[in-house]
Amino acid sequence: MKACQRIEIVVESPIASQVIDLLRELGIGGYTMLPEIRGEGDRGERRADELTGDSSNCLFIIACEKPELVEQLTSQVRPLLSRSGGVCLVSEAQWLRH
Amino acid sequence: MSLAFLSNLSSPPLLFFFLGAAAVAARSDLEIPNQIAKFLSIYLLFAIGFKGGVALAEATFSSTILLTLATAMALSALLPLVCFMVLRRKLPVADAAATAATYGSVSAVTFVTAAGYLDVMNIDWGGHMVAAMALMESPAIIVGLLLYRRYSGDADQPMEAFSWSSLLREACLNGSIFLIVGSMLIGWISGPAGMSQIGSFVNELFLGVLCLFLLDMGIVAARRLQDLRSNPAALAIIVPAALLLPLFNGAVGLLAAWVLQLSEGDALLLVILSASASYIAVPAAMRLVLPQANPGTYLPMSLAVTFPFNILLGIPLYHAAVKLVLP
Amino acid sequence: MSLAFLSNLSSPPLLFFFLGAAAVAARSDLEIPNQIAKFLSIYLLFAIGFKGGVALAEATFSSTILLTLATAMALSALLPLVCFMVLRRKLPVADAAATAATYGSVSAVTFVTAAGYLDVMNIDWGGHMVAAMALMESPAIIVGLLLYRRYSGDADQPMEAFSWSSLLREACLNGSIFLIVGSMLIGWISGPAGMSQIGSFVNELFLGVLCLFLLDMGIVAARRLQDLRSNPAALAIIVPAALLLPLFNGAVGLLAAWVLQLSEGDALLLVILSASASYIAVPAAMRLVLPQANPGTYLPMSLAVTFPFNILLGIPLYHAAVKLVLP
Amino acid sequence: MKACQRIEIVVESPIASQVIDLLRELGIGGYTMLPEIRGEGDRGERRADELTGDSSNCLFIIACEKPELVEQLTSQVRPLLSRSGGVCLVSEAQWLRH
Amino acid sequence: MSLAFLSNLSSPPLLFFFLGAAAVAARSDLEIPNQIAKFLSIYLLFAIGFKGGVALAEATFSSTILLTLATAMALSALLPLVCFMVLRRKLPVADAAATAATYGSVSAVTFVTAAGYLDVMNIDWGGHMVAAMALMESPAIIVGLLLYRRYSGDADQPMEAFSWSSLLREACLNGSIFLIVGSMLIGWISGPAGMSQIGSFVNELFLGVLCLFLLDMGIVAARRLQDLRSNPAALAIIVPAALLLPLFNGAVGLLAAWVLQLSEGDALLLVILSASASYIAVPAAMRLVLPQANPGTYLPMSLAVTFPFNILLGIPLYHAAVKLVLP
Amino acid sequence: MKACQRIEIVVESPIASQVIDLLRELGIGGYTMLPEIRGEGDRGERRADELTGDSSNCLFIIACEKPELVEQLTSQVRPLLSRSGGVCLVSEAQWLRH
């Protein structure tokens, strides 16, 4: 077990690819992504009912053990969230080494 | 004309659109699963594209076809200009530009519904109109973006995360456009021999699938209209604009059809292409190239107001106008 | 009669039901994705509703139709009474009431399967039976709830989270019911002209889609049966009840059909409606209005026992009985 | 970054709308919801294989920075869980302000 | 022969495979939702199985049928032996064994495409070939596993999490196999009467659905090819092997068809079964019984190289060879 | 509220049934499972686009209050992760009793 940070990002589906590009640029090798999920917030309800992802969210889960990478990631995710909404939560976790 | 209205409104596809809207109004939990809705739209694009391609393979190539395609592209580039000039008085520049792009571009599903209407009415239409539709998708996006850069004041400032290549990809290679154009090419290559293989799949299911698809569209459009209600200020601008823009654009399209002396079917399709507004390809592209624009403005306009208006009242209205102008 | 049994059992739809059950028994990983199962059921409801509506448009309106509809509603309100009286000896009051509501109400898919059976047998049935089905959905729910309030002892105590309006919405505006009734109305409005547009979609795919849908139902029902096995106590009450209730309710339905002197097809449909038990609309409504009831009781009863019983043995059995009683 | 509580609720799908109503009543403006997921617990296996949500769960993720709201939410979610099962987990997290 | 090539390549299904690959190459966002792709494959297996079963019901049972089935099983057991001997020079033992199992087994979708090709060409094929396909699924898996145990050196060491029963379940009761065999049995039981019920569903939609399905396969195969590009070392072994193995196995299949003097259609199907490689059932089984093997080797080989090769070039090539050898 | 550990496991779909078997063997009565999700890691991108689960992941969420069970679970999950990839994160949470 190794201490790490668990980052959880909810963004609207159309910008999922921007988040993935960002993760790759930062050299964050791994992420898990849950597509087409629903939610509600300041920008109204997203029912995941449209043909495009226009009204749906996706959820990224990222385990990262380097605090400076987490720092960079959050600071670069912030403008995406300001522009089109979403949340980013960071918490502590133990990562099972294998 | 009133007869055409009535017969359009009592055709099963439109009645299913109403049924979907009624389900939302009655707060029923009727719902078409999301992947199914995508499947239905894939089928419709596939079928119309393929039919158009086979028709193209059987047609003799004429200069009218080329002229129609050129006109379609020109319409898509010019219509946003006027829309923008009007809209920017009421909306922020970014929103006005995105909305102008939305209305300059086209809605593939509206096109497909109109083609189905023509088939039911036994009116011929040319397969090249599918190509015309595809050509009208992108110019509006580029013009919209140029308008924004010209009028927003931050033209010099380098656009964050923007690249022309990703813009063009979004504009031209959007999945819906790619599928309908690809299916058209395949229909054109495989011709009547191909049609004999998949003809019953393409033709006999078409209107039934359209019914289920419009049922879903009715549900989605009604939900977006309900969301709009909570925003009366926006409503006062958005709804009138979303009703006037298709009429204006449709009139310009009719003028072009008259100049080209198109056949009845092709004329109606050109008008409906002009009058329709994108709610799939353009909104997706705008997220990337014009993130400053508020999707809460242009998306409900095209999806919740203009789309239902066009398929319910627009098609028979434009048809009546076409018959008046092009006897 | 044995012939009807055999020909029913060797018809592709039922064989696919067995195939689904066999897949579970053999622990194969065969599975119909969830949204696809929903799509198949949407198609079936759409097709049967539309066909019924068109048939209605072509029928001459008679007092028998009105009487049939009234009888159907009455059956849905009365059948739960008897069921409840029997069940409450063995089950807690809430479970008995919910189960009574489940069996008073109807299963749209069983109805659809029976209608398909009639079509294959070339026996006419009236489009108004679709309306009868819709009318039988809700009374049972309300009666079930009233029974619970009367017998549970906590009638005075305000029901948490309960409102008649949400009850009625659940009871009457459930998605399946809304879709089949809406499609019936649309079929009725658009009539034979509408049928000529979407006839091949509605008719030619019907039995094939039913095969795939029953394949899924076979999988799901077999899984629920397996879950039941781990609970032998419940099993001893649930399984016999789930076999006897449809027989009893079906007999009452047959009596009503005899009184009304219905045609062969309509009689069979009225019997199957009485004998069938809801596993979609009512369980969903019970969660809201009777949360005290345990879904582990009424859901497997109707889904894993009564549904297979009705479509495998019930339909030909009831058909034989109808032919005996109504020559 | 701001400290918040991350609430995670798993309930069966038929009562998802009750949870949403509850969130709105309490004035909790935002939530993320993952529909049609599977699970197993005291009430048997839910395979997400039925036409209705009868045998499926849904997962709510709620970031909330007001402890008293969390308090209210959990106390009102409890009866729902007692009646039809599910879990509710609460943990600490950092919320990226934007 | 060149004509057959051309007519195969210009048939709509294959053109849609290209369209899918082109969408990936052009970085379009065209996509078939995952559950829809599963639905399309369920339909194809259902339709081919049912058609085969009905054909079987109409055929007179002959010793050739039995011999064909026995040969098919033998091929599935023997082909992996040669594949393994060649592959283990270049690959780790586990990977070689898993790949050998993959190529000894069959791809149901390739089979379905070939059957569709024969139908379009108006060439008869025997319903028992569906059974042959099913019988070829599992022997290769067992042989692959035995090869691994024999050559890996850890034969004595008890295999973690391994059980013959779970192996056999994976090998024989895989969902695709279960569905196509079950549908064949149902077609056989219900015979022409069953076909009259669901014939239009099974026959008329077939090629259209195949188009959409191959569109998806084109997308997926092209993506896997792109992933492969980042691994040039593996590429140098994987791609040539994935092109040579089907040719070699197909030649052995052709030899068997010649010995049995099969009809043109049956011979082509036996060849394509030998030449095809599993990318559904076997990879899933290998995860459980040979977890030491790297799915990054055998999966892209069969999915991204051999599958496209077989449906695009293989089918007409094998057909030409069959016509040469079996006049 | 009761302290517990929240275990989150991402594995490729074909071995989901092995994880479920493992949970049952250990007597861990409850879990929540999200099927067909996407991700990227050392073994490349999993796009959840194949007919089988070959290129998709699934996510398990398990609340467990017995540390020794968590210990057993993680030690038995480790070989699965080593072989076919994935992540396992463990964090602290409060479990709402009902």
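Just so it is clear, A, B, C, D, E and F label the chains in written order, and each chain counts residues from 1 on its own.
Rule of thumb we're sticking to: contacts are C-beta pairs under 8 Å (C-beta built on N, C-alpha and C of every residue); 3 or more make two chains touch, one makes a residue touch a chain.
This is a predicted model, so every value here is computed, not measured.
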More contacts between chains, A-D or C-D: A-D
Farthest chain relative to chain D (centres taken as mean CA coordinates): E
Chain centre separation (chain D, chain E; CA means) in Å: 45
Chain centre separation (chain E, chain F; CA means) in Å: 33
Gap in Å, rounded to a whole number, between the CA centres of chain F and chain A: 19
Approximate Å spacing (C-alpha centroids) for the pair chain B, chain C: 41
Multi-chain contact residues (two or more partners), chain B: 31, 34-36, 38-39, 200, 204-205
Touching two or more other chains - residues of chain F: 34, 48, 79, 91
Set of all touching chain pairs, with the criterion as stated earlier: A-B, A-D, A-F, B-C, B-E, C-D, C-E, D-F, E-F
Touching residues (chain side chain A, partner chain F) in the complex: 1, 4, 6, 20, 29-35, 61, 63, 91-98
Residues of chain E defined as touching chain B within the complex: 10-12, 15-16, 19, 22-23, 26-36, 39, 120, 200, 204-205, 207-209, 211-212
Chain F-touching residues of chain E, taken from the complex the two chains share: 31, 34, 37-38, 41, 160-161, 219-220, 223, 227, 280, 283-284, 287-288, 291-292, 295-296, 299, 303
Residue ranges of chain D in contact with chain C within the complex: 14-15, 18, 36, 43-45, 47-52, 54, 83-84
In the complex, chain E residues that touch chain C: 34-36, 38-39, 42-43, 46, 50, 169, 173-175, 178-179, 182-183, 185-186, 189-190, 194, 197-198, 200-202, 204-205
